[in-house]
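Each of the next two complexes has chain A plus one more chain, namely chain B in the first and chain C in the second.
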Partner chain A sequence: MTVTTKAGQPKKRRGQGKDIWRRLCKNRLAVFGMIILAGLVLLAIFADVIAPYPYDLQNYSEAFEFPSWRHPFGTDNYGRDILSRVIYGARISLQIGFISLSGGALMGCILGAVAGFFGGWLDTVIMRFTDILMSIPKTILAIAIATTLGPGLVNAMIAVSISSIPTFARVVRASTLTVKEQEFVEAARAIGASNARIIFRHIFPNVLAPIIVQSTLGVGTSIVLAASLSFLGLGIQPPTPEWGAMLSAARGFIRDQWYMVFFPGLAIMLTVFALNVFGDGLRDALDPKLKN
Partner chain B sequence: MSDKLLSVRDLTIHYITDDGVVKAVNGVSFDIDKGETLGLVGETGAGKTTTALGLMSLVPDPPGKVVGGEILFNGKNMLKASKHELRAFRGKEMSMIFQDPMTALNPILTVGEQIAEVIQLHDKLSKAEAYKKAAEMLRLVGIPDERMTEYPHQFSGGMKQRVVIAIALACNPQFLIADEPTTALDVTIQAQVLDLMAELRKKFGTAMLMITHDLGVVTEICDKVAIMYAGQIVESGDLESIYERTCHPYTKGLFGSLPSLSKKIHRLSPIPGLMPDPSNLPTGCPFHPRCPNAMEICKSRAPVNTEIEPGHFVRCLLYESKTGEGEK
Partner chain C sequence: MLQFVLKRIVITIPVLLGVTLIIFTMMFFTEGDPARMILGDDALPEDVEQLREEMGLNDPFFEQYIRYLGNAIRGDLGISYTTKVPVTTEIMARLPVTFKLAVYSTLFAICVGIPAGIISAVRQYSILDNVTTVLALVGITMPNFWLALMLTLFFSVYLGWLPASGLYGPQYYIMPVLSISVLSVATITRMTRSSMLEVIRQDYIRTARAKGQSEIKIIFKHALKNALIPIITVIGIQFATILGGAVVNEQVFAIPGLGKLMVDGIKARNYPIVQGGVLVIAIMFSILNLLIDLLYAFVDPRIKTQYQRASKKSKEKVAAAGKGVSQ
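Showing the complex of A and B:
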């Protein structure tokens, strides 16, 4: 199980980061996901250079064009190049997906860890609060928050963040409950560690696996949720391209111009797929017990 | 008695559950001098571990409650200490070796990080210095320090217990609690770990409370012995008086159930019956239902601690009559 070394030869020390990287690279599917993600991030960063047309260039004479060499993904009802819009859309969608999810995950993890660790009335208060949030469908909750805050990118992200808190809180609380019963937590107490130290250094890293899985699943949901807000006019304002918004806007033309929904949809699917396989690989790589 | 380190008086710990009060520890008293080792012996469920947790103020509350008594450590009552004081105290002045090294180490931190953690918590050292000291501790327990960056699952059981010992001794505590440190290990490793503990204890001059149910372990490293039954210490004294001049019927029973290499015994004589349910202790002497010498009075009157020779205490009605009056 351990790395065998020849006698007398000092074992080469490797940093933890390098170790994780090496294990991650062994998982082909994870590497594939990572490449797609890296590609998407590059697309988002260099959208100005890569995109063949500006995202808001309208050309009515070329409206509803089937994919061709001039417009590989076709054009929409205003004659805008869909490829360019998908590329620019990566910017917004990835931003929304990652930022809003991180916000929700951070809040949810802290609440869940605190509730699970301390238990008692604090647990009851926090968990009943998340139950209330959970009993409201995510979309409706996000709409309600976005309506209150007003339309816009930042507000949409806040709305999406808040609506993803309860899932994280539940997942983290459940795992915390299992981990805190283990003897090493008592051992940490016995060496004089404070509660905060026990939560963040001993318990939290041990519940990372479900958090990573939940996050990779959640990014996709967040992108779609933000899209619904955009569709209702509460999120991204046109003409800014956003995959979900493009999808919603194109739904009326689905019968004849399938490519208008197909490509933004494909982009969302690819992102979510890449995140999932990458997340799985990352979870395995972070677990030292699977080290080999 | 001037160098008394720890003095426990009438420590009583109950677990208050929905099904009733579980009387885990009932008026336990003992003293430990500096550098001395006390062996706390008893069957499973006698309240040994709860006593240990009580000393560290780590009894899970709820449901556990320290109902009464006092724990004087260097003259300071630990039961009245603030949370902050307790945190500074645990790991620095008093530390604990846990029963099962498999679960007492955090699976996702390297052993080096875990040893360095206790050092960083208590000694004002930089990270680099703490790691240096951690490496030293690791060498001290017989593990090459290049294994610092490995994770607990890469170590064998005995090695893990060595790591746990290294963590416990890293800040050079005055007092060490070892809660059945060898129970989870196989016999060959047990001897190694015991030797290591005895050696390090001498080196650092650490006083120790050795919790065990193995009377053999006690002879190897303890100076004094206390036999625990149903949350009470039924007999206590130095090693010689307990082993040579055994008094309490329960202690006799424990020795009777030990196989011996020198004497030819046809059949071991186990103690009949089971440990009483601590939520429903028998009246009078808690041992009377299993005691071969039980008298009628044992059912109604609880015995008190009686000193039958200097330093040798017995809690049994058989001996109370011999010395006339009990100690209290």
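Showing the complex of A and C:
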């Protein structure tokens, strides 16, 4: 019986993957989000080639230039090309979004799976811990952690990571609770699989759908959260071209140089928009029942 | 009902204790010596050491935590490094401003979000629904501090209609409330729409229609009341977003609230203010969660009975398990 399931499983899974992909492609908005996202990732990877100027090239004779063909997004107070900085910013912001979310997701998934799988006092301790983290608003928690650790890229990522742990822990715990009661888990236990093996090989693949959806939506939240930290001066420090830090630096010039504030914010919005519509599409594709 | 309320309050206490432990741990590991901060950079090392001893900073971690907790319960959150005024006094002076902003923003989000969601659901796939859906999507993706800057740009710099900073009258609230609540308006709209759509398809709505009930009554009495639970949940979660948004946006509009106090505190490395602010916000949020849970029971009596049944069931389970073992 084990042989047949083993042989049958990959085939079935591929079929499911195709199904999900087909459903995803039917959703035009999700495809649009996917294209923007792919474009942003390409921008981030090939920033050195695509950006017309280095992000830190200062040219005081061209400071505060209005958007033109030479500088499509204008220049800032140091005469740096804003378009180039926004392009390089994609690299920083996407990195922060993905890395900090992955960290938080990993920790949250492990905590949630352990809590759901083992139950008992371990469950109580872990869930009370997430309750405590959740009783501090996300932005405030991130601010508190970033204050403790001090400003900087890595510390901002740690702060954002920790504040996204509870959401994942809850989602995974809930899914684990339903999955662990199913027969294949019992079967795995009957053939003598270890707890770790059951969690990683049998439970994780089955709770993957909510994790993926939560992750896509979470990257956007993480990017905005990191940008807020930088905006408050707690995150990435200038001259690194992070979008939030750029907005923070541009704030003082809003009266006469609107383009300094407009474009970095637009970049954040576009990224979060792409991640959101893609995430929504993915959720509908993974679980067609949910769709209204 | 009283039992339910008491039980819910009892659950909140350990969570708040946990919050104080986390905040204290952060403060404990934050760089910089509080004694040195209070005395200034040119103080003698002996003086610093003496103050450390007086403040109990050389004591073990848990001893310090217990003292911090005892003080916090009595309302003593330490002394501000910069002004030398008790943190509680400073926070209490600023709290009403942030509280007002948060409450206005929440009310605005509810008053716009729920009707927009209802209209969207009732007229599904109409132009109005499409416009609302698109606007909600834009609202969800827009960083609140950027919207704050854009509103300033448009209404203050370009049109000159609204004041760009400060908080001296009703018109000063318009832009902060709009920017702080944008995400919440959008989220509540989406949740109301999907929750209403789910309910509208139920059989009892069809029955109500068949009975010849008026559409208004169907929507508000039959549909909305049953769609309300997930909407209330979202409102509760959104209050956290609004508090966070207020902290960030007070900076943009130079509003003298708790958020500005905290952010100025971060810049001046005035940590007791920051940690005190975090604690007060966490307490506010916990109280709101408590109220939301009580509201659930009020809106949906099933939840209250479920709660009572669950506690009875768990007792029965324990008894049954005990029996099983003895057999």
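Keep in mind that, in the parts below, the second predicted complex is superposed on the first by the 206 of 292 C-alpha atoms of A that agree within 3 Å, B and C clash if a C-alpha of one lies under 4 Å from a C-alpha of the other, contacts with A are read in each partner's own complex, and residues count from 1 in each chain.
Going forward, contacts are C-beta pairs under 8 Å (C-beta built on N, C-alpha and C of every residue); 3 or more make two chains touch, one makes a residue touch a chain.
Please read these numbers as outputs of a predicted model, since none were measured by experiment.
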| item | value |
| --- | --- |
| First, second, both or neither for A:190, with chain B first and chain C second | first |
| Touched partner set for A:269, first chain B, second chain C, both or neither | second |
| Partner chain in contact with A:202 - chain B first, chain C second, else both or neither | first |
| First (chain B), second (chain C), both or neither touched by A:182 | first |
| Greater chain A contact set [chain C / chain B] | C |
| Chain B versus chain C as contact partner of A:38, first or second or both or neither | neither |
| Partner chain(s) touched by A:138 [first = chain B, second = chain C, both, neither] | second |
| Partner chain in contact with A:106 - chain B first, chain C second, else both or neither | neither |
| Partner chain B, residues of chain A touching it in the complex | 1-2, 10-11, 13-14, 16, 182-184, 186-194, 197, 201-202, 205-206, 287-289, 291 |
| Chain A partner contacts - residues on chain C that touch it in the complex | 14-16, 18-19, 22-23, 26-27, 29-31, 137-138, 140-143, 145-146, 149-150, 152-153, 157, 193-194, 197-198, 240-241, 243-245, 247-248, 251-252, 262-263, 266-267, 271, 274-275, 277-278, 281-282, 285-286, 289 |
| Residues of chain A defined as touching chain C within the complex | 128-129, 131-133, 135-141, 143-145, 147-148, 150, 220, 224, 227-228, 231-234, 244, 247, 251, 254-255, 258, 261-262, 265, 268-269, 272-273, 276-277, 292 |
| Chain A contact footprint on chain B (complex, rising order) | 56, 58, 86-92, 95-96, 98, 100, 103-110, 117-118, 121-122, 146, 149-151, 153-154, 164, 167 |
